[in-house]
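I have a structure I would like to understand better, so I am pasting it below and will then ask my questions one at a time.
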Amino acid sequence: MTDRRMLVVGAHSADFVWRAAGAIAKHTLAGGEARVISLSYGERGESGELWKVPDQTVENVKRHRHDEASKAAAAVGASFDSLDLGDYPLEVDNDAVNELAEIMRDFKPHVVLTHCDKDPFNPDHPVAYTAVAKARLLTAGAVVEAGFRTAPPSEFLVFEPHQPELCGFVPSVFVDITGVFEQKKKAMSAMAAQSYLQQYYAERAEHRGNHARKVTGNKEIRQAEAFMRVVPNVVGAL
Amino acid sequence: MTDRRMLVVGAHSADFVWRAAGAIAKHTLAGGEARVISLSYGERGESGELWKVPDQTVENVKRHRHDEASKAAAAVGASFDSLDLGDYPLEVDNDAVNELAEIMRDFKPHVVLTHCDKDPFNPDHPVAYTAVAKARLLTAGAVVEAGFRTAPPSEFLVFEPHQPELCGFVPSVFVDITGVFEQKKKAMSAMAAQSYLQQYYAERAEHRGNHARKVTGNKEIRQAEAFMRVVPNVVGAL
Amino acid sequence: MTDRRMLVVGAHSADFVWRAAGAIAKHTLAGGEARVISLSYGERGESGELWKVPDQTVENVKRHRHDEASKAAAAVGASFDSLDLGDYPLEVDNDAVNELAEIMRDFKPHVVLTHCDKDPFNPDHPVAYTAVAKARLLTAGAVVEAGFRTAPPSEFLVFEPHQPELCGFVPSVFVDITGVFEQKKKAMSAMAAQSYLQQYYAERAEHRGNHARKVTGNKEIRQAEAFMRVVPNVVGAL
Amino acid sequence: MTDRRMLVVGAHSADFVWRAAGAIAKHTLAGGEARVISLSYGERGESGELWKVPDQTVENVKRHRHDEASKAAAAVGASFDSLDLGDYPLEVDNDAVNELAEIMRDFKPHVVLTHCDKDPFNPDHPVAYTAVAKARLLTAGAVVEAGFRTAPPSEFLVFEPHQPELCGFVPSVFVDITGVFEQKKKAMSAMAAQSYLQQYYAERAEHRGNHARKVTGNKEIRQAEAFMRVVPNVVGAL
Amino acid sequence: MTDRRMLVVGAHSADFVWRAAGAIAKHTLAGGEARVISLSYGERGESGELWKVPDQTVENVKRHRHDEASKAAAAVGASFDSLDLGDYPLEVDNDAVNELAEIMRDFKPHVVLTHCDKDPFNPDHPVAYTAVAKARLLTAGAVVEAGFRTAPPSEFLVFEPHQPELCGFVPSVFVDITGVFEQKKKAMSAMAAQSYLQQYYAERAEHRGNHARKVTGNKEIRQAEAFMRVVPNVVGAL
Amino acid sequence: MTDRRMLVVGAHSADFVWRAAGAIAKHTLAGGEARVISLSYGERGESGELWKVPDQTVENVKRHRHDEASKAAAAVGASFDSLDLGDYPLEVDNDAVNELAEIMRDFKPHVVLTHCDKDPFNPDHPVAYTAVAKARLLTAGAVVEAGFRTAPPSEFLVFEPHQPELCGFVPSVFVDITGVFEQKKKAMSAMAAQSYLQQYYAERAEHRGNHARKVTGNKEIRQAEAFMRVVPNVVGAL
C-alpha cells in the first residue's frame, strides 16, 4: 500500500468527509498519500447556517468552508484544495476539466474517488462525476499510445450518495474503517454547523459495518464505507 | 493467500476449464486449496463427439468426462468431483442442495465461483447458479445466529459465460493469469474433443488480458479472466 | 419466406389472437407454416363469461375455448392444439416440457413466439415463457454436438403483454400487419365473449402502426404488432 | 382510510417488525385492519440465541417466536398468524399458496406487503415474494371475468430489505411513521434476543425520516419507512 | 387538495395536452391551481401543417400555437405561458434555467410534471427534462439550509411519452380522469391541425383506463393517464 | 438491398474499421452505397505511434490518418470524409451537429451506424453518439409534419465497443461477414501502426461468428459483427 496515491474529488468542500473520510484515513494509515480537491466550496447550496450571520460575505463563507475542510482533511491525513468553481449550479468548463487533468497527470493517482453519475437530489454531484470521468480519460489515453502527456490509468470508484437507491448506487466494495473511525468522527466534527449529519453518517458507518460483517462473517468489523467501482479492478488471485 | 480455500461449481464437468482454470491456478499457486465440483458430467448436452463412437454407453461417457476433468483440474492444482445429477436438463432437488451445503460446511470456502443466473443459450447454467446460491445461503445463516451448523460467509463470484452481454454479465474484477496461462492451456487440452473451444478461450484470455492492461496500464499482463461479484467484498484499504 | 415454420405458444387458448395473430397471418401469407400451441384453455382464469351459463361444465368450457381458438387460428392460416395443462395456476412439469421439446424436434420451427418472462398481472404467462425457453434449449443442444436428437436453433421472440412497461417488454421489431388486418380482426371476432378486447387490440394495432410509421417514415403502414427478441438474429446485410 | 384492510406476509415471524411495523401502526391508527401472516417462525435461521438454551426443542422455539411476534403485532394493532412452513429453506408448495390465496379471498385486503423478489443474503425472502405474488394473482383473476372466487385487486408493495441496493429495492413511497414511532419501538422490543437490530432499525427509521423530509420539506417528519410498489396505484388527482 | 399548485413544463406548446390534460383538469377541479409553461412553441418541429399556408411567417406560427395552447389550457382550468426558446433543437441556457427556477420560487408548486429524460424519437424532450430537473434542484437547496431563496420541494413526475418502452418510462401512478375526459377532449380539439393525435390519445386514455381498472378492480374508471415518479412521495398511511 | 444507403459515423478516423468494416462491405457488395464520416482524425488520442516520428506535425498526422482511413474505406467499398473537429476531447457544437444533419438530409441514409452512448474507457465515443442521435432527430422531424427540410427516418444501430459489457452494449443483430472477411482484414491492415488491434478484431470476428452459428445453427458462418439497435426495425414477416 505504501506509495499509493488517492485523489478524492467532491463537488462541495464537505462532501468527502461524510462519504470517504474513513477510506482516506485507511489509505494514509497504510502509508499512502491522499489529496482532496473540491470543485466548489458549496458556499451557496450548503452553507445556509453561515449566511444567517449578519453582514456575511461570500469571501468569508468560502474562507470558513476552506478552514473546515482543511481541518477535516488533516484529521485523516490528506491535503485539501478547492478549484472554487461556484455551486448551485456547479459548472465545469473545458479549462477546469483541463486543470483537473493536469492535477491527475502530476499526482498520478492509483485510485480516484468522486460522486456517482446520477442524483435526483443534487444538481452538482453528477456534474462533478462527469468532469472527473472526463479528466481521467483525457489523462489516460486510448488503448494505443496517445500523442500527449498521460498518467497511468487509476482505479475509479464513486462514493455513497445520500439516498443511494435513487442514485443507482450499488456497493461493489466495503472498506473496513473500524480502526480509523475516531479519525472520521474528528473530521466530521470539523463541520461544526452540520451536527445532525455527523450523527447520520456515524450511524451510517455502523450500518455499513453491519453489512460488511454479514458479507465476511468477520465480527471485528464495526464501521465501514461503501463504494461502487466504475471500472473493474485487476487482482493477482481471488 | 495461503490457506484460502476456493470452491468452483460447474453445471457440467468441463465448464470450470474454459471459464476459471486460470483463477484456480493462481489461487493454488498462491498456496490456496481449490475444489471443483460439477453437478453433472454434461453427458447428454456436451458430449456429442463421444456419442459418435459405436456402442457408446452413458457409463463410458461419464467415465471419459470424469477422467478429462480430473486431468484438467490436476493441471491447475485442484481436485475434481461430480455429483452426477444428469444434464439437459440438470435438476437439483433439495437433497442435492443439501449435499452442496454439506460440502460447503465441511470445506469452508473463502471464495465460491459458479455460473451466472441467466443464460439464454444453456438450460443448465442458471440451475447451477440457483443451487449454489441457495446452498451458500443455507450454510451462511442470517444476520442473527442460526440454529444449525454454518460456515463463514464466502466471497461469491460468477465466471464469464459464453455470450456475456446476453447473460447480464458485467465484469467486476479481472484476474491476471499471465503467470499460469500455460497451465490453463494444459487444462484445456485435456478436453480433447473440443479443440476449437481451446482456441476460442485462449484468444478470449488474451482479449481479457488486453482489457486488464487497459484498466491498469500494466503491460506485463498478457492474459486474464473476468468475474462478476454477486456480493461486495470487504477490503482494508483502497 | 416459403417453407419457414413458426411455432406460437400461449399460456391460454386466446393469447395468440390478441398478441400475434397479425404476425402469424403475414407468415402464412408469405408461404410459411404456423402452429399454435396453447398450454391450457384458460378455462378457469379467462372464461368467466362461460361460467355464467347454468350447469356449465369444465369439459364444455374447454370444448368451447378449443372451437374458438381453432376458428381464430384458421382465420390466420394456422393450426391449433392445446396441451390442456390447466390454468390459474398453469403448471408445466418435466413431462410437459419434454412434450413441447418433442413438438419442436418434429416441427423444427424457424421462429418461436411466446409470452415474456415477467408479468405482474398474470400468474401463467411467465410459466409459459420458462417452459418454452427450456424446451427450446433442450432441443437446441449446446455449442458442441449434443448426445440426443436436436432441432436447428430458432429465432426466439416474445409478444407484447397487456401492460408492456410493467413486464419489462421493450419492442425490438415491429411486424407490419396492414395487409392482414382484416384477418386479425376476424380471428379476434372468434373470441365472442371478449368484445371489448377486440376493440382494445384493434386500437393497439393502430398505435403500433403509428410507431412503425414513425420509425420508417413509411405512410403505407397502418397496423403493426410489436415483438421483443430474446436472442439476436443474424442477417446478411443491414 | 377507515375500513381499509392490510395484509403483511413475512417469511419469518419477526420480519414484519423491522420492515413494516410503522406502516401497520399508521394503518390501524387510521381505522384500518391489519393482519400479519408469517410463512415460518424462522426457527432455524433466525433463532440462534434460543438454541443456546440447554435442551431446547423446536416446539419451544416456535412457541417463543409465536409469542414474541404476537406481542409485537399487538403493539401496532395487528393480528398475527403463522403458516409454520419451516425455514432455511422455506418451501411453499401449491397447497400453501392456495392457503394464502384463501386468506386473501376471505380477508379481501386493500394493500398487501411482503419481501422483495431478490435477496443475495437470504434464501427465504424471495420465496415468500413469489408465493405472495402468485397467491395474489390467483385471487385477482385476469382482465376478463374469472371462473372462480376472486377478491378485488390490492395495492402491492414490498418492504425494505436489509441491504436494499443489492436486492434491487428502490423506494417508491415513504410512510411517515413519526406519530407511531413509540409503537414501532415497542414492537421491536418484543424481539428481546435481537437488541442490536432494535437499534439498527430505529436508526434506519430516522434516516428514512431524513429522506422523507428532504423529499417534502416537511420538518415535522422524524421517522419513516420505505416501500417499493410492484404495480402502480391509482389516484384521483396529483 | 385545495390550494395545491401544479406546474407543467413541456418542450413544445402542445405537449401538455396529449400527456397531462386530464391530470391538470382533475387538479383544478379539486380546487388546485395549475400553470403550464412551454419552453418553445414547437414552431419548427411540430407545426408542419401551418407552414403549408402560403407566405407563412414564424411570428404567425407562434401566435397560432400560442392561441391554441391557451385555449387548451383554459379548457382544463390552467394558465399558459411560453418561454419561446426555439425548437429542433431546443436549447436551454443558464439564463433560461434561472428563469424557470424563478418561476418555481414564485409559484411554489406542490407538484411538477414534465417529459422523461430519454426519448429516441425527439431531440427536445430530454432537454426539457434536464432543464426542469436542474431548475427544481436549484430552488430546493441541499439537505442543509441554502444561502439563497428557495421553494419547498415538490413532487416530481414525468408524463407518458409517445413510445413509452423505448423511453424507459414505467408507470408508477395512474390518474383517474374519467370525470374530466370531456375537458381533455376539448383541450385536444383545440389542436385543430393534429386530429389524428386527438384520436390516438383518446384511445390511449381508454387503454390506461383499462390498466387502472385492472389494478384496482374499480369498474367506474373509464379513462386514465400514466405518470412515473422521479422521486418517492410521502404518505401518512398506506 | 440495391440502392440502400448506409452512413457510418466514428469519433476517430479508424473506429469504423474495427467495428463495422464487415457490415459496410456486405452492404456495398449487395449494391448499397456507404459513406464513412469521422468526426476527428484521432490525432491526439490514438496516434501515439505517429508522434514518435521526429519533427512530427499535427497536419502530417492528420494527413496520414486521412490516407489510412480512405484506403480502409475503399477496401470495403465506402467513401471517407472527416469533419476534423479535434479529439481528446472531441467537442461537437451546434454548427457541427447541423453539418451532420445536412449530410443526412443530402445522403438520406437508410441505416446509420455509430458508437454506443456510454464508454468508461473513451471520452469521445459517447460525444459522437450524442451528436449523431441529435442530428438524426433534427432531420427526421416529429410525428407531425415538420417546418423544415427532413430526410426519411433511418434504421439506427450502434457498433460494438472495445469492452462491450461495461458500455451497456447488448447485441440485437449479428451481421454475417464471412463472405467479406478478407476485405475487412485488408481494411484493418491499412491501419499499419496498430497491428495488435488487427489480430484482436480478427479474432473478435471469429468469436462473433461462433455466436452467430450458435444462434442459427448455420455452420457456414465463420465471422460476424455485432450491432445493437437503438430503435426497433420494421419487417414484413418474421
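Chains here go by letter, A, B, C, D, E and F, matching the order in which they are written, and residues are numbered from 1 within each.
Heads up, the rule we're going with is that contacts are C-beta pairs under 8 Å (C-beta built on N, C-alpha and C of every residue); 3 or more make two chains touch, one makes a residue touch a chain.
These numbers were taken from a predicted model, which means no experiment stands behind them.
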Any chain in contact with chain A as well as chain C: B, D, E, F
Chains in simultaneous contact with chain B and chain E: A, C, D, F
Same-interface partner of C-F, chosen from the options B-D, D-E or A-E, over half of the pairs matching: D-E
Chain A and chain D, separation of their C-alpha mean positions in angstrom: 36
Touching two or more other chains - residues of chain A: 121, 140, 143, 162, 166, 171, 210-211, 214, 231-232
Pairwise touch network: line, ring, star, complete, or other: other
Contact pairs between chains, per stated definition: A-B, A-D, A-E, A-F, B-C, B-D, B-F, C-D, C-E, C-F, D-E, E-F
Complex contacts: residues of chain F adjacent to chain B: 121, 162-166, 169-171, 200, 203-204, 206-207, 210-211, 214
Residue ranges of chain D in contact with chain E within the complex: 1, 6, 23, 26-27, 29-30, 32, 111, 113, 140, 143, 152-153, 155, 157, 171-176, 210-212, 214-218, 221, 224, 226-227, 229, 231-238
List of chain D residues in touch with chain B within their complex: 42-52, 61, 88-89, 91, 120-123, 162, 166, 193-194, 197
Chain F - residues contacting chain E, complex: 94, 97, 133-134, 137-138, 140-148, 156, 230-232
